Amino acid sequence: MAKAFKLVTIYCEAVLEPLVVREFDRLGIVGYTVSDCRGRGTHGVRSGNWRMSSNVRIEVMCDLPMSDRLMEALEPFDRDYGLLVVRSDVEVLN
Amino acid sequence: MAKAFKLVTIYCEAVLEPLVVREFDRLGIVGYTVSDCRGRGTHGVRSGNWRMSSNVRIEVMCDLPMSDRLMEALEPFDRDYGLLVVRSDVEVLN
Amino acid sequence: MAKAFKLVTIYCEAVLEPLVVREFDRLGIVGYTVSDCRGRGTHGVRSGNWRMSSNVRIEVMCDLPMSDRLMEALEPFDRDYGLLVVRSDVEVLN
Amino acid sequence: MVFDPIVLFFLLGLLAGLSKSDLKIPAAIYEALSIYLLLAIGLKGGVELSKYPLGELVTSSAIVLAAGMLIPIIGYPVLRFLGKLSHYDAASIAAHYGSVSVVTYSVAVATLIERDWAHDGYMVVYLALLEMPALILGVVLARLGDARDGQASAGLAALRSIHWGRLAHEVFFGKSILLLIGGLIIGFIAGEKGYEPIAPVFKEAFKGLLALFLLEMGLVAASRIAAFRSYGAFLVGFAIVMPLVSASIGILTARYLEFSQGNATLLATLYASASYIAAPAAMRIAVPQANPALSIGASLGVTFPFNLFVGIPIYMWMARTFIPG
Amino acid sequence: MVFDPIVLFFLLGLLAGLSKSDLKIPAAIYEALSIYLLLAIGLKGGVELSKYPLGELVTSSAIVLAAGMLIPIIGYPVLRFLGKLSHYDAASIAAHYGSVSVVTYSVAVATLIERDWAHDGYMVVYLALLEMPALILGVVLARLGDARDGQASAGLAALRSIHWGRLAHEVFFGKSILLLIGGLIIGFIAGEKGYEPIAPVFKEAFKGLLALFLLEMGLVAASRIAAFRSYGAFLVGFAIVMPLVSASIGILTARYLEFSQGNATLLATLYASASYIAAPAAMRIAVPQANPALSIGASLGVTFPFNLFVGIPIYMWMARTFIPG
Amino acid sequence: MVFDPIVLFFLLGLLAGLSKSDLKIPAAIYEALSIYLLLAIGLKGGVELSKYPLGELVTSSAIVLAAGMLIPIIGYPVLRFLGKLSHYDAASIAAHYGSVSVVTYSVAVATLIERDWAHDGYMVVYLALLEMPALILGVVLARLGDARDGQASAGLAALRSIHWGRLAHEVFFGKSILLLIGGLIIGFIAGEKGYEPIAPVFKEAFKGLLALFLLEMGLVAASRIAAFRSYGAFLVGFAIVMPLVSASIGILTARYLEFSQGNATLLATLYASASYIAAPAAMRIAVPQANPALSIGASLGVTFPFNLFVGIPIYMWMARTFIPG
């Protein structure tokens, strides 16, 4: 019953959220989950105390080919924005 | 020292949280972690701006048999509620 | 292009966050992500309704040797604080 | 103008939501505002109650409660047989309309104050009384529906299948009843003198914070309208006609109980309003088979703005016409 | 004292941030306070507007707008050629300085009230007008810079490459314009009488909540100062000199339009202030190549405190000196 | 009634928590309210201080501080040897009781106002002074305990092992001291005239917002009581008797310093109150071996409500009896 999927987790600036969701729509990705977070990376500390320094974590469960397409679609953002994309294996149970 | 465990992540409507915790109690699961999130799935957009449209992510580290039992216990909720359950491999380090 | 990394996820009391970040600085870990959460464990229910009962989830993407060093550095906290450290495999895509 | 300018904040929120503006009121603020409103209304009612003979309210309360239960009892068959909704949805929506909306009530009070209509603060006792019984009735209707559909052998068994303990807990310790009744009791004990030092927050700031809450309600309603559009004309019609029917029951009850015109308006508004705080959460747990998009869409997307802009003026007109001045 | 004691809250926040105190104002509170300030300012302006002939504002608005656009037009080449910044950064920073700061304006109003200088509430119309055009100009400057750098074949093509629809949406439905204009309209409709019951929240609490917002701004500014230090003396100089230049344009414009000394001070403050709500978000999306640390560091880390402590007193002095009393 | 009706909000929160109601006050609101209370108290104290000769407070401050340090010094051996607690827990609990509770102090002030007892706003200086030294003493006691248990070779070495720098930072830049002292200084500079425009928020809204904070404290205390029940009668007894002992020290000190009855009540309340903002966070970091369920359970679950409902009336009686009117 469990199906092998990929979990793509996108850590990025909060202002990027609508642009990332627009990519989901373009690629036909329906399901995703967003949560607010803060952090530090090569773009410095993002303390989350106002919108311009907030991060979001966006999680998407999808199959391998879709995760490849998603990753490709996100690459242009990497140049100008704080962004980290990681992928791992999950079983989706329902 | 590290032990192989399963991480079960449950994405669901916020109103479901107490019912899910009741299942944990029934199954004898002690540890879990909850965080607030928003998202989109087959039940539409859940924007998180009031309780009825908020999601939670519930994470449980447990062994394989327990994760099977948990998954089974959650199945009845899947019919009527927005719910996504995924499982992955983790090492628990302490 | 994707590189194999370890994701170390640290679930701990919110008051511990600055001490954990100090360990990152000591070990030379630049990137990390923090989000607020609540939960239950061997130290009881942490309901998140005020700072003393709040948890944080701290995520770090790093290579295997660093994850070993990190885990070692966190061990002393385990005795006195609510703390759970888990590790899993991820591909970092950029 | 026929309505209080405060309802314009709802329109602003609605506009922001429909135009996909980046305006967002944090969930924590929404929670805090709703806690504030419930407490403030309870406190004010309690203070006024401390000046009146409590005994007089007992009989009228029973009548107000009984008449109020007519609303879900009328609503259910209409939704089920005219609207051809599943019995779960019919029961859930009927429960929403049988319960009450704190904000609609507050806007009615604000309008009465603006027009200098006399009314009594203890009317909030009826608000507290009416919030929950309809929810219980809704659960009972859903279970009896189960029984009739052959999913349980008999009505009695269906009733027995309800988790009465859990439901009673939801009812009495749900935050809205707890804050309303808690506020009532604290206000009653504190009296005018104890209320005075907290009045800058709980009384003077009330209308301004209500305005902010209406802004948020507009944002939430905007997202509900979109989800709701697909469910057709029947439910929109129901969400407009039902309040008028309920308000008429309210006016008749008020006339029988010899209420003043102001109090009659408030009772009509209570009956006409539909819940969006207690009911959605309770129904989601107790009748999970019901689609929340239908009930919340109708109550928040249609009935709430209808009452704000059209209903309350109509109920005032009804009171002026049918209640002896 | 030369400044209003309210600005001390900013210093307290700054101190807390720089000393790495554990003081943190939750993001939800920051959001709520900024929504409140925008609405409150809009409402007050709308109420005052309802007492004045709207027509008279039309001509002066056009002139105020045109003169205000000089600021990014002057700023851009200075940043680009004197400061040797990339054309993206120059355009983004110019846009920040062409736009306005609601909090700086509010502190100027508070100071005028404390000193009993007459001024008009409808000045907030200029605040609303000036917020956005500079942002559009900034995007245009960035794209024309692209063109000159050979990344597009011609200026016209560069302009065509701007997503005008998305930009217009950002401009008109961005939360700051929506709340300001929405507040203006509601205040205008409500008038003095409708405003009164919500005044305890939107008027009397204003200065106290502004103080809390300044505390938070201090915390945010502290984190910006650290990030900004590495960018050298030029930008610090720009962040101090540019407001003085802009304020001078404001005083000249005010004199030409025969403003009172109070209104002239407010116009000078508007011109001199740099945005940190609408501009950072809009520029981050529309000109992602620009480094936000530079623009926010300059506007929030240098110009904002400069205006609070030094600028506003200077602009008052300018108005007293150059505007006939 | 023997207590101010405001404490009923605490009971309501406690009831909600113990009945497992779904009432939850968002953490962001809790944070905001505690920031508000600290700032408001500091501001008010600062304004009053600006009217008094500061010099006079210096000697009395030294005495108040010295007498206050008796509390952890008495508490520690009682907890360690009578209660048989670990020296970590004894030190941590002693530190909580040596420090002070802002909300308990605020309720005492509200009660004095309600009863028309004269008292002075500058008493808040003692509140600020007493918050931290007991925490340092607690850390010292814990480390000396280490030494005695043979984990360090000598008392001196144990003291040297304390991270004094980090501790001093916690003490002076922890948010409670920063906001209290910051508020004091701003209030002092602003004076009555500068305070007036922010008074609607920081003075008039104070008691209402304190009521909301008490509601939240009730919710938090409810969760603590459950965790605490398992620790037996000794700690409950300590949490009731210790405040009475501390209050007596306060009354003696006040008598020696020739305080008025109102000020004596406030000093007794300060001594009797136990910290739950600064102390838990500081002790969790500095003495991690101590079990926070014990210290927070005692201070928040027992002593806090005891002071609210029983303690403050007793301290008023003590002041009336032992302080010349």
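A, B, C, D, E and F are the chain letters, set down in written order, and residue numbers restart from 1 in every chain.
Keep this in mind: contacts are C-beta pairs under 8 Å (C-beta built on N, C-alpha and C of every residue); 3 or more make two chains touch, one makes a residue touch a chain.
Only a predicted model underlies this, so the values are computations on that prediction, with no experimental measurement involved.
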At minimum, the number of touching-chain hops separating chain C from chain F is 1
By label, the chains that touch chain B as well as chain E are A, D
By Cα centroid distance, the chain farthest from chain A is F
With centres defined as the mean of Cα atoms, the chain at greatest distance from chain E is chain B
CA centroids of chain B and chain C: separation to the nearest Å works out as 20
Taking each chain's centre as the mean of its CA atoms, chain A sits from chain F at a distance in Å of 45
Separation of the C-alpha centres, chain E versus chain F, in whole Å, is 42
Note: chain C residues in touch with at least two other chains are 35-36, 88-89
Among chain F residues, those touching two or more other chains are 24-28, 31, 200, 205, 281
So the complete set of touching chain pairs is A-B, A-C, A-E, B-C, B-D, C-F, D-E, D-F, E-F
Within the complex, chain D is touched by chain B residues 13, 15, 19, 36, 44-45, 47-54, 80-81
Given the complex, residues on chain E that touch chain F span 1, 4-6, 8-9, 12, 15-16, 19-29, 110, 113-114, 200, 204-205, 207-209, 211-212, 215
Contacts from chain F onto chain E in the complex sit at residues 26-28, 31-32, 35-36, 39, 169, 173-175, 178-179, 182, 185-186, 189-190, 194, 197-202, 205, 281
Per the touch rule above, chain B residues touching chain C in the complex are 2, 5, 7, 30-35, 61, 88-94
Residue positions on chain C within touch of chain B in the complex are 8-9, 11, 35-42, 55, 57, 71, 74-75, 78, 83-89
